[in-house]
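Scrolling down, you'll hit the structures one after another.
You will see two complexes here that share chain A, one where it goes with chain B and one where it goes with chain C.
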Partner chain A sequence: MKSFLNYIAEIFKGIWSLLTGMKVTAKYFFTPWRNVTQQYPENRDKLVFGERYRGELVMPHNESNEHACTGCGICELNCPNGSIEIISKSIMTEEGKKKRIIDLHIYHLGMCTFCNLCVRSCPSDAISFTHSFEHAYWDRKTMTKVLNQPGSKIMANVKE
Partner chain B sequence: MAFEKYDFTPISQSIHQFLLEKMSPMVTTIIEWTIIGVLYLLFVAVFGLFLVYAERKVCAAFQQRLGPMRVGPWGLLQTIADFVKLLMKELIQPKSVDSFLYNLAPFVVIIVPFLTISIIPFAPGLQSLDFDIGVFFVTAVSSVGVIGVLLAGWASNNKYSLIGGMRSGAQIVSYELSVGMSLITMVILAGTMQISEIVNMQRDGWFIFKGHIPAIIAFFVFVVAGTAETNRGPFDLAEAESELTAGFHTEYSGIKFAFFFLAEYINLFIVSAMAVTVFLGGWMPFHIGSWDGFNAIMDFIPGLIWFFLKVFGVIFLIMWFKWTFPRLRIDQILTLEWKYLLPINLFNILLMALVVLMGWHW
Partner chain C sequence: MTELTELEKVIPTDTIKTDEYLVNMGPQHPSTHGVLRLLVKLEGEIVHNVQPDIGYIHSGIEKMSEALSYTQIPHLTDRMDYLSAHMNNEAVALCVENALQVEVPERVKYIRTIMSELQRLASHQLWWCASGMDLGALTTFFYGLRDREDILDIFEETCGARLTLNYSLPGGVMFDIHPNFQRKVKDFIKKFRKKLPEYDKLITGNVIFTERTKGVGILTKEDAIAFGVTGPTGRASGFSCDVRKHIPYSAYPYVKFEEKLGTEGDCYTRWVMRMDEMWESLSIIEQLIDNIPEGDYTAKMKGVIKLPEGEFYQRVETARGELGVYIISDGKKNPYRVKFRSPGFSNLFAINHIAKGWKIADLVAIMATFDLVIPDIDR
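And then the complex of A and B:
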């Protein structure tokens, strides 16, 4: 008798759990304004990105053309497929000390897997990822980018 | 009643008379057969394509996507483009298949919906075959499809296809029983197997209301078993994409694949149409007791529209199942049938017999 009651209870429990699932999908079905699909070429101006979307590596510069890169080369060491090349140079500071600064921060977009290791390992938060994603080029040479702008300097408050 | 004005009988009668005046009875019959055949072919092709489109849109909405949007407005021409592509594809036949059976299987599969669709009453006077064993005919013919599936699985000479075909065989043979029994439940209530008679008896109330509790149980058993019989939804383990590539139709390409695909969707329509005919009053309008004003408005809508509204309702329900529930394992499928649906069904037949015997229905 007990097993028979169990059997009946099992049927109703099963139906209840199926109805629960159907309630969830029905909620999705009847709220089409919450759809996640974006129709890309048409909505190019107002594309919505996920906050952590990784499009292209950049080095943010402020208004006076200054960046935070010390040229330490940690990003180059951390890059798993060698898409970053750091070329540094030595200069003499006003106090007469020798100092190593960044000359060229070269980024090979074509080799990048967008793993974010460079950004996470950077001690001075000098590089970050933007949302730009249209990376189709006619010439492979254009995919090699120099991230520090010509004539840029390191910010004064960056610790070495 | 008011809906007689939408009866199609005068139209078919006038065509019949017109042809008889011009030609001999023999030629008339042949021409009429041809017309009906062409009409069904057109209907199956167009409705099948539409169902594929509807399925993709409904599935997208369930998954918070948009579905096809590019080909035509709202992607309306997408399935036509797909179909043209399938027509132009090369028919590849693997080297070691059983050639005769391999080529026969798609036709066996596609013949079934054509046979079954012929007894479905679309509207008053719009039914080409009206046997007095209509319900029996449906259950008998619809189980021929499994032969096509088994043939396809066997003749492909491919492990995945064979597993898919065998699974499908086990599944359909089991679920035939539930489909048949839930229909028998309603036949007990109707007292006849003739489809037109069954629809006529629902003039003053659909069977799902007339037969209340046992009818509702039978309806749900029928929808579940029908979903299983069309190899759809949570019961699509015959083609289980993740494990069997495409199951029994893995080796088919081009138009032969399209046959399997089309047959699946027309079977979906047929299961829904049978559910509508037997449980939801066929093309009969929705009436509430003695609300004469309301009933008159409902009568104003043609039977054809009523029929398709209800069919789309049931199709939506079945699609809802498909895009909500995860696929069942083969043992779970057989457990569901033999341990749950069958006992429920047997009990339900008994209940319905009691209800009819005691006159507890409306």
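And then the complex of A and C:
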């Protein structure tokens, strides 16, 4: 008889434990304003990022198409997986001296692990990360980017 | 000749015995949480032997590290146990700092410890949702991920990434903490202290859950030590193995916390152990968050780090157990050999021992409470 009563008690205890859990889910069911679901991609313009969020490597240019990159190649050395390639060229300055400047700053987005070591090591703060995060492309070639804009030159106040 | 059981006397065993057969669980199985293949020998529904077949997501991190400089290695360890990314980074950073005998600023120690505990919370939250789902409760998955989002937002603001942080480097941390960091962490703790009892209400007392986990898959203390099972899994068997307590590193000597030990070693104890650990993590963060000392966020390091010749070992407590980093240096800027003693690898091979004799559904429960991360096993 006692074991039978225990059996019944166990059933009610079990049902009670289920109801305790259901209470939590019911709370969220009847208070939909607590929900945190976001309507991506409709809310693309309203997305909030942390200011240090690492999306894609860029080289900021000012209004007169100038950047701060000296072409020293430190970012290329610090990159752990070879996603940065620096191609430099020599030019003759007005004073008649030979000078190495950047020709192409090539960035392979497909190989990048977003570790921030390039930005951290850059002595002239020429590169930075943007917040763009949608990196899906139809063609792999589009993932290889040239960061310095055509016709751009180095800013006058950058120390080399 | 063993004695026949009551059942075997009534029904001759050879008439009901079926042939042993082999079932592949994985590599694409939702409850293995990754590409882990288990060769399960079954008789009917009863598990006779579990042979893990690993290596499907081997990425050669140890070998790749040999070609990288000491500043570059931490970013690879993010991809090892991705749920304990910060602890992995910290392990490499501490190992290099110990080898160079660099004293990092107090501020760095505090930041690292807070980040480790936040990472542990995030990891246990994901474990909670995923293992709840393995045991048939889909609700946990949404609730756990909802709360984990708050931690990931804190990471995003301070570290610049949500999963692969690469925040701890030899000598210090990548950035100083964000001005909002302390306020946000305090808000999160306040919020999560209210949410955590909900977790217990949903699952821990649930009759279906307790029936499926209590007394299932018992790992004794002796076996836990023999297999090298560490972390909450080992502690559930009563094996005191918390690296934070026994060999304190970073700011752990300054905080008071309890190393919870279980006695049963079954799935239920492993579950409770992780729930308790979340409370402990919250209290550790609370003790540190208001007392972060002022100072630099990185020690002065050379541009090219060269370790002295020799062998260096450092262990840290990740969310899954003890992670060891073993570096052999020949004095060059790259290590000669790097070896990671990952907690998942040692924990996985205890499964065969404890799953024998249980049903195949119990094997899923055992896997869920072991909290395996497959890239951590394969490296």
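Before moving on, here are some points about what is shown:
We take it that the second predicted complex is superposed on the first by the 121 of 160 C-alpha atoms of A that agree within 3 Å, B and C clash if a C-alpha of one lies under 4 Å from a C-alpha of the other, contacts with A are read in each partner's own complex, and residues count from 1 in each chain.
Quick note on the criterion: a contact is a pair of C-beta atoms (placed from the backbone, for glycine too) under 8 Å apart; a residue touches a chain by one contact, two chains touch by 3 or more.
Predicted model only: the values in this text are computed from it and were never measured.
Of the two partner chains placed by the overlay, neither chain B nor chain C lies in contact with A:157.
Once the two complexes are laid over each other on the shared chain, residue contacts for A:18 go to chain B and to chain C alike.
Legend: residue contacts after superposition of the two complexes on their common chain; A:52 is shown touching chain C, with no touch to chain B. With both structures placed on the common chain, the touch criterion links A:3 to neither chain B nor chain C. Look at A:32: by the touch rule set out above, it reaches chain B but stays clear of chain C.
Judged by the touch definition given at the top, the superposed model places A:78 against chain C, while chain B stays out of reach. Of the two partners, chain B and chain C, it is C that touches more residues of chain A. 18, 21, 24-25, 36 are the residues of chain A that lie in the contact sets of both chain B and chain C, per the superposition on chain A. Against chain A, in their complex, chain C makes its touches with residues 68, 71-72, 75-76, 139, 146, 149, 153, 156-161, 164, 166, 174-175, 178, 198, 201-203, 205-208, 210.
Interface of chain A with chain B (complex): residues 11, 18, 21-22, 24-26, 28-29, 32, 34-37, 39.
Listed in rising order, the residues of chain B touching chain A in the complex are 58, 60-66, 69, 320-321, 323-325, 340, 344. Interface residues of chain A, counted against chain C in their complex, comprise 13-15, 17-18, 20-21, 23-25, 36, 49-54, 78, 80, 113-117, 120, 129.
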